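Once you've had a glance at the structure underneath, I'll fire off some questions.
Naming follows writing order (A, B, C, D, E and F), and every chain is counted from residue 1.
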Amino acid sequence: MKLITAIIKPFKLDEVKDALKAANVTGITVTEVRGFGRQGGHVETYRGAEYKVDFIPKVRLEMVVEEAVVDRVVEVIVKSAGTGKIGDGKVWISDVSRVVRIRTGEEGRDAI
Amino acid sequence: MKLITAIIKPFKLDEVKDALKAANVTGITVTEVRGFGRQGGHVETYRGAEYKVDFIPKVRLEMVVEEAVVDRVVEVIVKSAGTGKIGDGKVWISDVSRVVRIRTGEEGRDAI
Amino acid sequence: MKLITAIIKPFKLDEVKDALKAANVTGITVTEVRGFGRQGGHVETYRGAEYKVDFIPKVRLEMVVEEAVVDRVVEVIVKSAGTGKIGDGKVWISDVSRVVRIRTGEEGRDAI
Amino acid sequence: MDSAGLVWVLISSALVLFMTPGLAFFYGGMDRRRNVLNMLMMNFYCILAVPVLWMVLGYSLAQVPFESDFIGGFDAFILQDLVTAGDGGTLATIAFLGMFAAITPALISGAVAGRMKFGAWALFVPLWLFIVYVPIFKWVYGGWLGQRGSLDFAGGTAIHVNAGIAALAAVLVLGRRRVDPAPPHSMPLVMIGTGILWFGWFGFNAGSALAANGQAAQAFMNTFLAGAAAGLAWIVVEWLRDGRPSNLGAASGIVAGLVAITPAAGYVSGIAPIAIGAVAGVACCYAVRLKTKLGYDDALDVVGVHFVGGLVGSLLIGFFANPTFFEGSFSAGIFYGGSTKLLVEQALANGVAIVWSFVLTFIIMKALAATIGVRADEQAELTGLDLALHSETAYHD
Amino acid sequence: MDSAGLVWVLISSALVLFMTPGLAFFYGGMDRRRNVLNMLMMNFYCILAVPVLWMVLGYSLAQVPFESDFIGGFDAFILQDLVTAGDGGTLATIAFLGMFAAITPALISGAVAGRMKFGAWALFVPLWLFIVYVPIFKWVYGGWLGQRGSLDFAGGTAIHVNAGIAALAAVLVLGRRRVDPAPPHSMPLVMIGTGILWFGWFGFNAGSALAANGQAAQAFMNTFLAGAAAGLAWIVVEWLRDGRPSNLGAASGIVAGLVAITPAAGYVSGIAPIAIGAVAGVACCYAVRLKTKLGYDDALDVVGVHFVGGLVGSLLIGFFANPTFFEGSFSAGIFYGGSTKLLVEQALANGVAIVWSFVLTFIIMKALAATIGVRADEQAELTGLDLALHSETAYHD
Amino acid sequence: MDSAGLVWVLISSALVLFMTPGLAFFYGGMDRRRNVLNMLMMNFYCILAVPVLWMVLGYSLAQVPFESDFIGGFDAFILQDLVTAGDGGTLATIAFLGMFAAITPALISGAVAGRMKFGAWALFVPLWLFIVYVPIFKWVYGGWLGQRGSLDFAGGTAIHVNAGIAALAAVLVLGRRRVDPAPPHSMPLVMIGTGILWFGWFGFNAGSALAANGQAAQAFMNTFLAGAAAGLAWIVVEWLRDGRPSNLGAASGIVAGLVAITPAAGYVSGIAPIAIGAVAGVACCYAVRLKTKLGYDDALDVVGVHFVGGLVGSLLIGFFANPTFFEGSFSAGIFYGGSTKLLVEQALANGVAIVWSFVLTFIIMKALAATIGVRADEQAELTGLDLALHSETAYHD
């Protein structure tokens, strides 16, 4: 089991979700996050005073998937989330030693 | 050290927290998330137009615990978070190689 | 590749971010979370009725970094996030097997 | 009605209309995020359904003919006696009273928050309007209770005591919520509601003079002072008792004071509004705790604020009524040389309203419970009434 | 103007000023989080720019000399004919009309939401004011359309039909948004806007009597009843058709009813406002779906609510006008013994307004598109207009 | 007072009461999420405490006997001279002035936001009311400054300059916040406050005529035009200087213009309100930057908007006062054939108010600092005043 975490641009969420659905990913957990990176932040101005906002809105997806499909899923994310512009985000993968479905107590492949 | 991540239904948070407290879990970090899964989303209607909301509110718990207690903690979560209805959520476990308490710099078992 | 996750006090975010920037961390993803721990919660009072709020606002940082810099980064976080008071938070480290930059498809060290 | 009086009644009517959204925000801010739209909808529904009902039949039953002591009739069905607009005085009065009819059931919504079927509420409002509100209104204004000498300037008995006790009956039938009460989801929304309520209440109370005269001016002054004094009293109690004064305390105190001065606004003067406000602020601040002790689930404290505040204000008229100041022909209160007669009449009028309202509301709710059901289903209550009952949720990206 | 009339017009003017922020919240709540400030800014801009333009030249062109049939002139440039304040009546009327001029272009902002360059909007407003609003206003009030006998009490034709059809022309030039529509980011904000709009609309409609008299009182009553009936009608349709009644339905219905009664408010009475409101509620509830079928992107349904609602109300005057009730000298509607003449005049006046407004708005937008451009750039549209166009975002910690 | 005048003063009073919540939202929206309730509470506290103080003694000291030049006395203690309601004129005037007394200290709260102990604020308000506001009010209205010929229609000197300079004194004692300023936590809340403020300001300014006459109408018109012109001027400066116009700029400009026209509203006419508004919009837009250069921490720009705006407006009376237009007996401004006498009197009155207010406010704050302390503790400031001082937080689920 692998955990794929992806940081993407917020307005890409629907597209990525549809692409993942099409690729048979059955579960995703999504978090609103703010990111700091190469993209840099932006400046907002209030009564002439500038506020540097370093963190910009991003969306974080996490999904636990079987090892076998990891490469395909990553590819799908990269393709559907990419705009080619700076700030598109990252994907990273880590190990999961156990997964349980709360409703049934099922574990492993059956749980996702 | 293990990291337990659990996705549960929002209205179960207090119950799960109390159960974990009773099971001597001393620290939890909670995030409001939105989930996509078997449960499906819902439809909202505004001026007669339907909006399909695919992501439904969930709560994500993460807690770093000692390996020895992982099974018990998972069991507690599964029991307290379960309603038997679809969408109850998942629990997954991954490895943590190091933990530090910021206040003291303590590491490992002392840090959690 | 390692994933460093840190839970800190919200009002320390800017300081920690600046310290990390100074330590050449190039990317951070930040989430508003609520934490439960030794610090305990607080009580709010509405029309004389007390509401125990167990979860208090925290900020969660995650950053994927090369193994070589992990120790330095942790040190920077501990130093900049610490107030010496209870509730300062935790840092934990886990493995990441692969990282991809969405914009370019680059992997590994080039991706972060 | 002279033209200045007409302007006063019209603008007061607009102010009272504005109070219902104000009440919706006051209540809605206190509710959970997932139930706020249901709360708003229960209130807005009252200003959709009641105006139509009032124009068609409510006004007629509640007022015409003026000589009847117990109930009006069908003479003014769809206001058919109005053949010309005339000087507008009659029209303005009917509109003004229609605003009152609309906000009164809305007050009850705060008690039943978080668990009532919207369909049941949609039926409850017209039933309650005709069965509970209209008769009590008639008895108090021009009917047998009013004729005996009891005083209710802008609706302490007819509106606040009435709605407050009805709220108790309603929650007794409805039962407790399945989830624990939660802190207000948006205090700024509560304070927006509070600001609108106070603003509108000047129309509610001072407009009830139905003329631009000294009585209106003193009612205005009383509305200013009683709201302030009660808010101050409430936060002082909080400061001494709980350690800190709060916005919700200030807001609740303001509303308690406004409720209490409502029946008295055109009859008391001088220091009386401050006294009445202060007493109401303290009394309601303690009364809202009764629900925990007695175990009824009055979600947003309609009993503690409207019933108790209204009753306090109504009874204090028996002490503070000052006919000399107004050059009026009502009885004097005990502190102004009167006998206990007025106090007794106040008690009687409220007693009658309480019994009628409680019993009939209880019956209406029981009847609804037995037929279409009054409780939303468990899933709706746990995951949010907004989505389950209205297919919408309050906040999005 | 007598002093009671002056008070009535002044307070009505303040109420109408308050409507523009109300409209901003109504629209802004429906918009996305990342575009809400742009929406508010488009509305607030109207109450910054238009008052100045109105005082300098707008009033003069729209009214003076009163005898002219097609357009005024420069006689009242910067109100220079006013050498003394006098009894204030002229000043109050100019201010009152200025409020109307300010809110009319603001109505259009709901249609172009989420994609228009702010610089283009900043130019559009004054151009539209002088080229579209001022002539139509003159024709309807005192000019050739009004003299033929058509009726428009508070701006059904001159304001709502006009702005509604202009909204259609504007979005046809502007094109569709690049992102799918989203649910309202804050329904409580929508309801705050709704409450303020209804409250202010009493000034809009009843203030248009420009006197404190029976006509003002009935216009007030109509504003109360039509808003309620239309809101009720809309949620009943929702309940039957979509399964559940909603807050946005109630709010939209209220606005639709208020729009529809606007032209009729001083000419109809009795049960008519309920009928007009109910028809408008149902009609607009279905009309907002046209955009999906016909494919124009009217973001917040200005066409479906203001154009359709205004037209419905304006045509129904042809059936419900009741001169006897007002002791007025206008023609009677078909249901009150009149011929079809009034209905024909209503149709003609609206037809003229529709053609003029649609064509000229289209030309203005095309000219802006060809010169400075009307669309915000793609990046701004995707990531949020607030930051891109105003360097600010709505919510922070 | 005739009955139309009474209606005008009563509704104006209600409008001014509504301004304090408006101000609370305007300020509260600009504050951080964790401090917003403290901000609201500082404002609401003023409409709880001041009405009571005003009725008990404030009015008496500020006005009665009218002949006194420096300070009133105890003759109207608890308004004891009122034995009957009469025509309501006196009552209405007292209520109206009470609303002004309540909002004036509230203005100061924006400067001390984010760090003041609530207990200190609770004492500051009554002390400041009696020591600073009451004497200045008396001198300006009927006292020695007014008698010398200086003009202050609705409180430019007595309210805005006074509160603005007091804000400076207060923050100099209080010191800087420990955390950097942050962007507004809710711009929609700021705009809700702005809408309410403008709406209410029509009562503030036009109500100050204390009659329904031409002066009231022109004051109304001026309030309309100056708010608009100043908002426009501010966003034009932003557009040219910062690249983009913003909502906060529009809102700040509106308030700056309303502040500036306040002293002049009943004395200027024609194009003057636009000129005064435009000057104030530009001046305040630059003045808010002074705090960064000079290093005082005026959190929400009370000095830059109220002090500067009030002073600009008050001095411009010396140029624009137009007695002919109002058929009034005050001096003409320089542009209307007057000498520099009026300008000198304006400068003198403001100079006196500035010195008195600054010095006494400084002393009050120093005294509070030395006794009960004025700063919230560090932990409260870092983690949020709402929880630490009021046991409540603004938003929940």
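Convention: a contact is a pair of C-beta atoms (placed from the backbone, for glycine too) under 8 Å apart; a residue touches a chain by one contact, two chains touch by 3 or more.
In this text the structure is predicted, and so the values were computed from the model without any measurement.
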Open item on the list: For chain B and chain F, which third chains touch each of them?
Closed with: A, C, D, E
- [ ] State the pair with the higher C-beta contact count; candidates are B-E and A-E.
- [x] B-E
Task: Mean-CA-position distance for chain B and chain A (Å) - done: 18
Task: chain B-chain D separation of Cα centroids, rounded to whole Å - done: 44
TODO: Could you put a whole-Å number on the gap between the CA centroids of chain C and chain E?
DONE: 51
Task: Shared interface positions of chain E, touching two or more other chains - done: 2-4, 7, 11, 15, 182-184, 186, 192, 196, 242, 244, 246, 248, 391-393, 397
Open item on the list: Give me the residue numbers in chain C that touch at least two other chains, ranges are fine.
Closed with: 31, 44-46, 94-95
- [ ] Counting only chain pairs that touch, give me the topology of the graph as line, ring, star, complete or other.
- [x] other
Task: Chain-to-chain touches, reported pairwise for every pair that qualifies - done: A-B, A-C, A-E, A-F, B-C, B-D, B-E, C-D, C-F, D-E, D-F, E-F
Open item on the list: Can you tell me which positions in chain A touch chain B when the two form their complex?
Closed with: 1, 3, 17, 26-31, 64, 94-103, 105, 111-112
TODO: Within their complex, state which residues of chain F touch chain E.
DONE: 2-5, 7-8, 11, 15, 32-34, 182-188, 191-192, 194-196, 198-199, 202-203, 206, 211-218, 220-221, 224-225, 227-229, 231-232, 235, 242-248, 250-251, 253-254, 269-271, 274, 324-327
Task: Complex interface listing, chain B residues touching chain A - done: 2, 6-8, 31-38, 54-55, 58, 60, 74, 77-78, 81-95
Task: Contacting residues of chain F [partner chain D, same complex] - done: 2-4, 6-7, 10-11, 13-14, 17-18, 20-22, 24-25, 28, 36-37, 40-41, 44-45, 47-52, 55-56, 78-80, 82-89, 91-92, 94-95, 98-99, 118, 122, 186, 189, 192, 196, 389-397
Task: Residues of chain C defined as touching chain D within the complex - done: 44-49, 51, 53
